[in-house]
Structure formats: structure tokens, C-alpha cells
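Structures are listed in the sections that come next.
Each of the two complexes below includes chain A, the first together with chain B, the second together with chain C.
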Partner chain A sequence: MKKLTLCLIALALLLPAAALAQSGITANGQLTITANVQSSIALTFKDGGQGTLTVNGADPTQATIALGNVSGAMTSSSTNATVTTSGGNLVITSPFVLSVTGTNTPTTDYKLVASASAPVGTEKIFFGATEITTSGTTFNTVTYGDTTYSLNLQVPLSQGPGAITRTVALTATTN
Partner chain B sequence: MRARTIRLCLAVVVICCWAYAAANAQTASGTINATLINKSGISLVFNSNPSGVPLSGAGSYAATLDFGTVAMYGTTAAAGATLTRTSTDFTLTSPFNIRVDKSGTTSNSYRLQAAMAAPAGVYTCKVDGITLPTTLTTIVANDPGYGADVPHTLSLTIPASAPAGALTLTINFTATSN
Partner chain C sequence: MADRHQARFPQPAAVCVSEFRLIRQILVLMLLCATHARSQQLPGGLGRPLQQAQGTVSFTFVASNRGIPLSSLGSQAQLQFGSVSYAGMGRRQGLEIAAGTTSFLVRTWLALRLDNPAQPGGSAELSAMLLSPDPDHTYSIDGVRLSTASQRIQAHVSYGSVTEHRLEIEIPRSVPESRAGVTQAITFLAVPN
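After this line comes the complex of A and B, so read on.
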């Protein structure tokens, strides 16, 4: 009888301890993530193969094409740009690649607007056969990806010698 | 003598009746038995991480982390979020805190699991670098951090080919005492 009583007391002491040590108790939570994804477009420059283009620092959206020293007697400039004369102009040509990526957009093409800074003299800038004006030249439908342009700087042979620096601002907009 | 005895008895009866009435008319009694069963339990709440995107609903078991307006290019991430890019997608990352409290248990660690409430489609959700499917996946097997905010990292990867628009994904978390 005494043993039975002791066993019962021990059991009574153990039961709460066992309950406290219980594992497998769960708690749940729910985390909702929201975002508003918008279309975007990125534009970068790459060299066209003649080595005239240099990206400005770590920003690939700005680049310089150095056409080098040229004269009417040259067929290539000091920086390897192609030099010809045509229609009373000295034509300096070098290709460059414009890389445009469209993201989170259903369109496959974009509109490109190129605006040239004011000329030093009467020289003109062309992308291929299309003149880039100071008021802005629009290329309405350009497919995303790499597009190679031939940059032509046409300097009248009548224009005096000197350095020419022109800037072309490019803006790509998703169609 | 007999009449005196009868009057005495009547007087006693009247006094007893009055005493009985007085004793019973204004007394009410009742008994209530209160029983407390101290059951074991744990709770889970989300809290904002000081370095991350503030949560709405912080301090509760149902919170929202809003990355705001995002784009692969041309935008900066919301305060507390970081934006990284590859050539094909971009990822938003933010720390957040989970706090698990316990009561009535001697458990000294818990297992944290998470799962997407619905398929994430083209998006990828990770917690602490672990990609979440729709089945519960263990994030931490033995977390001893009862009663304190434990930081975790949430990342959301959005492909460049994904459509623009509002995005809502839900992650279910479960903490289980070890």
C-alpha cells in the first residue's frame, strides 16, 4: 500500500514536467510582399570595332568617340577612324554600337531621339545617312538590342583648322 | 397554567417564524468554480528591421512588406531595400524580423519553416537565401531565439521579361517548438 502511494505521488509529479517539455507546438504567420513593377529602359554605348569609343568612367551611358587628327590627305585618322573627301567635305567616319534594353514591357522596339550640340563651324553630324540636328532627330522604331551606327562628321574643306567637339544627347523611349 | 403554557408556545413559534424569515429573506449564496488549464503555446509575430523596409502590420502575425514602385533601370530602391541587377532580372532585398515567444513549455529552440501561399510564377522569393516553394521548407532548424527579434532576409527576384504592374505574393511561416 505504501509503495503504491509513492508511485502515485511520483507519477503526479512527473506529469506536469512532461507536459512542460512538450514539443511540436506550432505558431503561424503570414508575410505579404507587394511591389509595383514598372517598365524601364537602359541605354549603353559600346565600341564599334575601330577602337575610337571610350566609355566615360563607370557610367556606360556616357562615351566619347575620339576621331583623332585628320586632314584631306589622310585615309584614316590618328585614331583609326576612316577619312574620305566627298562633295567638298572632309568625312570622318567611325562606327559605334548603341545597346538598348527594355525591361518589363511588352514592346519589342523603342523610339530614339538624338540631338546634337551647336556646331563649331558649319560641320554636320550624321548617323549613317541621317543628319542629327540641334533640334533633335527621331528614329521612330528601333528594335531592342545592339544597333550599330556609323557616325559621320562632315567638315567642309573650306572650314578652318581647329579642334571640334560636339555632343549628341540620345534619349530612348519604349514604344 | 394551561393557557399560560399555550401563550408561551405561541410566542416561541412567532419568534421562530420571525427569525426564520429574517434569516432567509435577505440571504443569497452561490458557488463558482474557476478552473485554469495552463497549456503550452508559442506565438509568432513580424517586426520591422531597423535596416529594412518598414512593415505594415508590424507586431502581428500578418504583416506586409511593400517594396513600392520598382523598375530594373532608372529607379532607386525603397528605403531599406537594395536593388541588384543581372542581365536578365533584378532583385529587391530587405531584412525583416521574426519574434517567437513561448509560454508553458521548456522548449529552448524552435524550427522556422516557410512556404509560398501560392505558386510564385515567374518570380522568385527567398528567405535567408532559400528559395521558397509552396511546401513548407525549413529556414532554421534550431533557432534558440525565443523572446527576441531574429533578423531574416527576404529577397524578391523579378525577371526583365515579367509584365509591368502590381505584384502581390504571400509567404506562410510556421514556427514549431523543438
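After this line comes the complex of A and C, so read on.
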């Protein structure tokens, strides 16, 4: 009788397990997913607050700084750029903001290369105190985010009057 | 002396009654357990054998008209997004990339079919779960966020019909690319209703 009792207890314990095992009538599917995420960097212009920079609405990676009419007798241009004379040069200054964002990048800074188009005369373009050359000027470590630059166009007072149109190409690269 | 002997060693008839009660209780317990286990599976409760009643469900990934092609079909499929980025690299037909403030979404569609010859008019509940935890990415199907625990995607998927499901993977912008790559497996479960 004791054996029978033990057998019945064992059966009682096993039966639910067997019933639950049967309950696993499911269909399985497995989807393996892979994706390579690449870092990316985006550069856009922002107005420096003086109204001399116009960002291309359709493509904010392009902007125009119109310095207006200037002369050595002025202290500001017709478009609010600051005008001074220094070291025999007419210096026209206007700030602008460069906004660079990095995504999935390994560092918090990037490298910026600025290249100026050929001069009309002997005028020079500076970002702050750094001259932007036609062969390209490199800013090795710039932190992501908004950076304000002061664009200075230095025109020798000896240079004849006339329109000056220059282009600066900017390339940001993740470090 | 005889009374003391009787007290320590009960009569045979008393033993039989006690054992009978125990056996009866065990049998009742067995019946209850079996009934409970079966009622978890069959909406109709007791009746037909489970296997006969529900048949065998098969799960198949099929080609989707909306999503990017899977590199293999059947119950084991592979989905290769290739190279993707916040700036939209990798965007193509069937693969959408939506840029957000702090992350971006990679989105495609999957098609699958459940079959059950024993119950062609029936349906199953579709669930999904991640094979392994992934703190850097968020996975969702039809808006249901996935985890390593099974999550219900659709309560009733009819046998024999192809259903399409939106798969989205959210990738934070702050995760460096060395860690941002996606390698994951999603297990789908179909349980007969």
C-alpha cells in the first residue's frame, strides 16, 4: 500500500508537468538583424546676430555674407559690418556662427578646413586672427556645437576700388 | 496492556480507511491539476486531445512588398540593413531613416505567415522577444517595445494570411559607431488561440 501511495504521489507531481509540456505547441521564427551604423557630421551656418549673413533656407550649408559698401571713412558698412582701418588696411568685420553636429562619432571634436577662393587683388580673409588661404587652413580641434567666428576681410588701402567677391569652402571631418 | 497495544498499532480496518482517504485525495488532486493545465490551452476547456484540437502551427517569413528583402526566408530569416547613419546613409526603398533630436530610427517592414492545416480558419497569438539584452538600442514591432521577455504583438493572426509588421530600431546619436552597430535576433512565438 505504501508503494502504491508513493506511485500515486509521483504521478500527481508528474501529470501537471506533462500537461504543461504539451501546452508548448507553439511555432517559432527567428529573425537575425545586422546593421552597420556609420558616424555622420552636419555643418550649417547661423546668423551671428548682425544681419550680414543670409543662410540659404533650402540648404543651410550655404550662406552669404554681404558686407555692403565700405570705405576708409566709414565705421560701419551699409549692412552693419564693422569697418576700421589698421596697418594700412581697410578691415571689414562680421561675425557668423558655424554649427557642427556629430552623430555616433568617437570624439567630441572635429577638424575644420577652410579654403578661400582666389583674391581679386591683394585682399586677405581671416577667421579671427587666422588667415584663410587658398590652399586651405586647418582648425584641428573644434568642439561640436555652435562656434562663433569673426570674418575679417582686409583690403589694402592701396588697392583700387571695386567689388570683391570671395568664397570660403568649409569642410568638417570627425576626429 | 491490550488497550495500550491497540493505541500504538491501529486495527487493520482503520489503516485501510486512512489509506483510502489519502488515495482519494491524491486522485482528486491529479484530476484538478490535469483540468487546470488543459484549461490553460483550450478555450473550450476539457474535451478533445490537445494535439488533435490545435494541430501543428508553422511560422514562415515571406517576402514583403514594403520592406527590404530578407536574405533568407522560412522560419529562420536574416535582415541586413547594411550601413546606416543619422544623415540618411543607407536609405532606400523599404528602409526609412527618421532623424530625431537625440536618436534616429531605422524602419522597415516584415511579412510573415502562420499556417495550421488542422485549423485553417483559426488564429494564433503572435509574440516576440529579443534574444539578448541590448542597452544601446530600442527595438519595436508595430510600436510594441521588445525586451528579452515575450511581448504580445498581435492577439489574433489568422492562419494562412500574410501579415506585415513594422520593425523599428532606435539608435542614439551619442553612441559611438564602434558600439552603435546592431547585431540582434528576434524570436517570434505563435501560440494557438
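In this text, the second predicted complex is superposed on the first by the 140 of 175 C-alpha atoms of A that agree within 3 Å, B and C clash if a C-alpha of one lies under 4 Å from a C-alpha of the other, contacts with A are read in each partner's own complex, and residues count from 1 in each chain.
Note that in this section contacts are C-beta pairs under 8 Å (C-beta built on N, C-alpha and C of every residue); 3 or more make two chains touch, one makes a residue touch a chain.
Note that the structure is predicted; figures quoted are calculated from it, not measured.
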> First (chain B), second (chain C), both or neither: which does A:106 touch?
Replying inline: both
> Taking the superposition as given, does A:117 touch the first partner, chain B, the second, chain C, both, or neither?
Replying inline: neither
> Does chain B (first) or chain C (second) touch A:40, or do both, or does neither?
Replying inline: both
>> Quick check for you: in the superposed arrangement, does A:26 touch first (chain B), second (chain C), both or neither?
In response: both
>> With both complexes superposed on chain A, which partner does A:69 reach: first (chain B), second (chain C), both or neither?
In response: neither
>> Quick check on my understanding: which residues of chain A belong to both its chain B contact set and its chain C contact set?
In response: 19-20, 22-23, 25-42, 103-106
> For chain A, which residues are in contact with chain B within the complex?
Replying inline: 19-42, 101, 103-106
>> Quick check on the complex: what are the chain C residues that touch chain A?
In response: 15, 19, 22-23, 26-27, 29-30, 33-34, 36-38, 40-41, 50-51, 54, 56-61, 70, 75-87, 89, 104, 106, 110, 112, 114, 124, 131, 169, 171, 173-178, 180-192
> Given the complex with chain A, which residues does chain B contribute to the contact?
Replying inline: 40-46, 55, 61-75, 90, 92, 96, 98, 100, 102, 104-107, 117, 125, 154, 156, 158, 160-178
> Hey, which residues of chain A end up touching chain C in the complex?
Replying inline: 1, 4-5, 8-9, 11-12, 15-16, 19-20, 22-23, 25-42, 103-106
